């Protein structure tokens, strides 16, 4: 058994909106094993980013963490005081945001943002901080000298993304959360950035949590994978296990729906229906309207997470009955 | 016989300004390309390489700076009114951002009925209603009545993209230029939209130009069609999808294919090096001399710096590379170790 | 930003100023009534001579010949401008517009810049506070205040302040710019009295301006708060106060700073009613005075001066904007 | 039809805009129906001057013993007419120029923008003063002309930038592909998208015009109309010394309050309008 | 405050206006002059009192008429405020440079015989002696110090020397000279140069010297060289400028921040201020001017005398007066060419009895209209004989405080009567043009009518209507050509039925040697003016002044103050009237200071 860096238990995050309440994260329990790359996939709005922000206890208003706990190094983050929380953020968990392009202060030079962040946590002479930052920038193959003196807008998207990656390592965190770090970039850059990330992961043994809607990307990077649907974690397991032996029709659907350069084209099958409306979730298993195997029970009872193999959990009533891989 | 649509040495050069300094942006350079009825052509390339511009030229939104566009053998930009009108309705466009492509202040019915009424496809509101319903059914938005009175923001991205499709086919076009029609659609829905396009192609005989930067989807939709690869305003490789993907010649395409993620951890996790010298994409406004790819190309030599390669046949396909013959074969399957 | 762009900007500004010169000149020549009529009537009464006599005498006294071809007047005016001379009053012999502006501008500038500064600082503070704590009671109070102060024109505030604090309670002087018995100069009593005498006009402006700034700042700050980099800063463990300062304020203020220059320009032009009510010897007062007497040359001089100030203020704010916000490139 | 109903539903759903609407309706009725209900009698009744509110005189009387309320009512007709006309004129002129500038672009645009900026640099109030003399204000129309002469540039600029940002938008671009005519593009595609913007501006220009007209009135540059709120104010404050007479306070305050209330209504309503006419803010109705 | 010698410094505080710096300068002839400082700084040989025509001697020691000469001796020892002596040369300089002064039309020359003697040489025929005195008394002779302005004075003298005596009747200039265009131009230029010549602060001969001027305050100090310095009881004068808004001024009065303040506000304000500040009294005095309107004889139906009468009958002047100026004097004539208060002095009783009495009588007005063929519709609106409904226009200068309110009531009343009428208030700079140019834009033009500023003698107010501005607004007929071109062409029957050439009669009046003869002529003119309803007096103005009883003594009617509880009514007692008139600096300058009547308490 691996050691878990983060243990999330029964976490729920709610957004109280005028038109109703959204449960963006619904009773999710997830372990993030130390030293591994865990990935969360799911379509847009499935709650990935919200879950990640909960790990930093930074759910944006009007969201509230309505239930659950997040333990890291044995401490419940959700109980932390403001001060401790500020210390915890970035030095324990750092994050590369979905729109990393915009996560730098546009009117402050990169250099100063590095310094500022460092000083918010530890005391050190400026020189030392810059030396460390320069080292990290070189790591992501950027010229420190030029980058330091730049304002964010003076860098290209790929460069900014790399700056953010370097930034996320500034305080040697235990966990780096990568929220769709390559969405806005083209394939070559994307590939390149993942190479860098993998290198960092390997050389520094940093635990990573990767959020993505692109299962192909995940396939390359992750060791473990969790699948989210409508705020719920519906399946989690080892990457190879999931790809070869997924027990949830949604996961299976996602894998099959991903067009590939290799697969036989006949194997690629779209998922029918349309994404769920979080304000108006279907009863029972939220996926049932789109699921070709749905039974009556799926419409009535929300399936619980169950062990279906080593380190492999699934929330589907039918996992024993159906062998997803063989269905065409 | 003449092609349905043909680009003849077309260049588009924009005037741009950065920091107040004027310079030119050659968004398309000497492109020769033709499209026939009923075929699907996928056009791929990185962001900013001029794909959208090409689409605009095809749809008559952008007058070429140089070269001609022929529709059924007639030069579009010297057509008379009637001919131009025919061309206009025959070549349609589906845009990337389905939200921006629909007037937010108008209902779906209003958006769909206006073109058919104005182009006299139907007469009267009643007939328009019928027709719009039919269109919606064609793009699998059922029951159509449910959508007529909705505003764009009340639909999901996938639904909106289908509405765009419906609008594009409403004028009974011969060809539709689909500019990244699924890049903003949710992963789980992309495939169904692509299937819809395939269906329209098959059942209505509409030719498609599918513009994308995603090679995997390009392969998916244009499995029996052709593939054109663009780099910095130029076509660098052109041929049937099967051939081109099976044996890509141009080093740029090879790099691109290498970078495409594969939804299979066994394959994906295999170590691959990008066959590239440099990652930085040169600026389009100041393209490198000779072969535009030369600063990044691992095979580049002096010729590449000095001479612009021509698009030439190598086997059944066209490639623009001085060393097309010399470059090592690259096979998709080599990925799977 | 290159020198070339700055030059280009300056060029456009110069064209605008030239056009403004022509426009003010023409507008004034179109204005009916003239400097002579009313003055002559008063003069005839004062000196007990017939109106015709008075008319003749006044016409002779002033530096303006209505029969002179308009282009000649224009040429004279422009050649004066070329020497930095905004013209001479045609009613007050020998008095130059430059002189009037030199005397009046400091007062207007003082009042408008102080009120702008105060209202800006307070407004920014309130705006950020409102944006930061969305559900505090500050929000409805300031919103209501802003709406009300926006709804009531500033001159009505001026009147109300005058009635209450000057006429009624007598806490503030009814008019003037400083205590008459003090010697103007750089001495404390004088400076204090300048502040004291300017307090009602300043108060008027501040009351009416604060709301606007607060709302603008709130809007801007809310926009910034929604930006990813604020969230990102929080994730980096940067303290809230620092975020508010370095991230929210610094970014949200930028669009307002340009407004500041524009507001200053607008205040120069809009001072007429207020300065008249307080009989404050600023630009607006002399503008009104010249208008009453149809002193075309002074009117056009002051108008042109204000126009130039506006153009320059806009230019500067453009340039400052690009300095403040590295994202903005000064463009065409 | 459905849209109108929806529109009012949304307006009424928002507390602010509802209040604004009620206030504006009140003033509208005051200006249209009011004068027929409340007959104006400007006959002097010196013995009853500055009387307090009574059943006969709801807001008391003025320095000549004349009913304050009926003066306000009759004044509202003029004030609101001036505001309305100004807004209409400004609207037509400003938005037309803005559209032309934005749609045609190029040299036309440069020219129009230069002129617009020129007008924006010359302060409006002194110009109002001068124009008031040039056009010799006689009636609400000439008054409105004067007031709109300097209020269009702001609108022109705003409409232009709206049009420019819209014209590159995909849904306008596609119109060309769909072979739709220019009038269709302008009136059916562009217009619905800026109509909310124009409507808000309409209310705000009207509000600005009223302030401006009162200002001119206070300076005695507009025709004498004793019931015009501005003139009432000016009479109350500087000519009849209402402020030195405690009995005159109501007379002094009533035009101020009316003015403020109207402005308040306009602002509130404009806020609501923004929501009601902007489909993006409408939510999934 | 205490002065250097430990004595308490005495200050007179009042309000007034002046061109704010940098518009302020010391040359009284430049635009706006020196404002409220004028009466303290400048004086003439004499001081006419506007309302009573009394004449005080100032710089003059004596005056003697000898046929065509009038010899004036200057008080010895009079000095300019800069220390230079004031001499006859200065008086000569005054008329030489300021040769447009009214009296120069009647003079052949002004001679400085010796240092202190000036001789006025009158042209032949010369006006009556009391007229001569009034003419000379209008001028402020101590305003052009020769030692400061000799350059301009000499230049003017030189130019005058070049001019020939006039030959054509219409080319009559000052001193009987014909000023040709080139001389005129040279003189104008000289005058303009003179206006620019400064000094920064005025230099006069008066008892106070301007020491400091700001936009809100002015400070004057006692002139130690003043010829009557021992009578001046104040060391300093401070003048506050409250601006055009009367409320600011009233605030000054109410707070007791001024010792004297000019004007009569509406009744309620007077009462409220008097109630709030028990140290203050308010004096009221008749003004030699009335608020009224002249009818435009060029615009039918106002060309019809009877129609004009109907208008006069149709207006209820009591109501107009009540809110126009509560204390104003009501009139029982249409317009008489002199203020109502002067009737007893200048109209013979017989003629006074023959004058038609115009009291409010709408029935009579209706009757007149009916007789003229007008009919009243069921909607209460009159139609003219052709069946046309007119809309009449009353024009008024919107900036004139006294005008719009009464004008509005008048319009209201006419409309009520069935003659729809609108008041149009326009900017002062266009008002006169609108009223007088071409056919005129107004049917009735509001203004001061029967106005006798300068001196009271009603010839003044008569010519103001028949010759000057009012007549232009009334569109009186003029000769279009010939020798008399532009002169008044009005011949109307007098009370005895004999037709009178009004222009000629007006010309003759100054030369009539007996007051009785003048009375006779003025009475006839008054009768004609009233009979023809040339215009309409709404009320004779009453002006006034606020006095601070606590700080200053010497106020008039001291014994009555308590009786009226400080709210002093208009008096008709001659001496009181004189004293109250002296209270007004516009009427009599600062006579009470010069005579030592006012003193600090």
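Chains here go by letter, A, B, C, D and E, matching the order in which they are written, and residues are numbered from 1 within each.
Keep this in mind: a contact is a pair of C-beta atoms (placed from the backbone, for glycine too) under 8 Å apart; a residue touches a chain by one contact, two chains touch by 3 or more.
All figures in this text were calculated on a predicted structure; none of them were measured in a lab.
Novice: Show me the overlap between the contact partners of chain C and those of chain E.
Specialist: In this structure, the chains that contact chain E and also chain C are D.
Novice: Determine, using the mean of C-alpha atoms as each chain's centre, which chain is farthest from chain A.
Specialist: Centre of mass proxy via C-alpha means gives E as farthest from chain A.
Novice: Rounded to the nearest whole Å, what is the centre-to-centre distance of chain A and chain B, using the mean of the C-alpha atoms as each centre?
Specialist: 32
Novice: How many angstrom between the C-alpha centroids of chain D and chain B?
Specialist: 51
Novice: How many angstrom between the C-alpha centroids of chain D and chain C?
Specialist: About 24 Å, centre to centre.
Novice: Just give me the whole-number Å value for how far the CA centre of chain B lies from that of chain E.
Specialist: From the centre of chain B to the centre of chain E is 91 Å.
Novice: For chain E, write out the residues touching at least two other chains, lowest number first.
Specialist: Chain E, residues with two or more chain partners: 245, 247, 250, 254, 399, 427, 429-430.
Novice: In chain D, what residues contact two or more other chains?
Specialist: 133, 136, 237, 243, 284
Novice: Can you list the chain C residues touching chain D in their complex?
Specialist: Spelled out, the residues of chain C in touch with chain D are 12, 15-16, 19-20, 23-24, 27-28, 30-33, 147-148, 150-153, 155-156, 159-160, 163, 167, 265-266, 268-270, 272-273, 276, 287-288, 291, 299, 302-303, 306-307, 310-311, 314.
Novice: Would you tell me which residues of chain E are touching chain C in their complex?
Specialist: Per the touch definition, chain E meets chain C at residues 19-23, 25, 29-32, 100-102, 138, 184, 188, 191-192, 195-196, 212, 214-217, 219, 238, 241-243, 245, 247-248, 250-252, 254-255, 399, 427-433, 451, 453-455, 460, 463, 467-469, 472.
Novice: Using the touch definition up top, name the residues of chain C that touch chain A in the complex.
Specialist: 134, 227-229, 231-240, 242, 246-247, 250-251, 254, 324-327
Novice: What residues on chain D touch chain C, complex-wise?
Specialist: The contact residues of chain D facing chain C are 114-115, 117-118, 120-127, 129-131, 133-134, 136, 207, 211, 214-215, 218-219, 233, 237, 243, 256, 259-264, 266-268.
Novice: Quick one: in the complex, what on chain A touches chain B?
Specialist: It comes out as residues 43-44, 156, 158, 186-192, 195, 213-217, 219-220, 222, 239-240, 243, 253-255, 257-263, 265, 268-272, 274-275.
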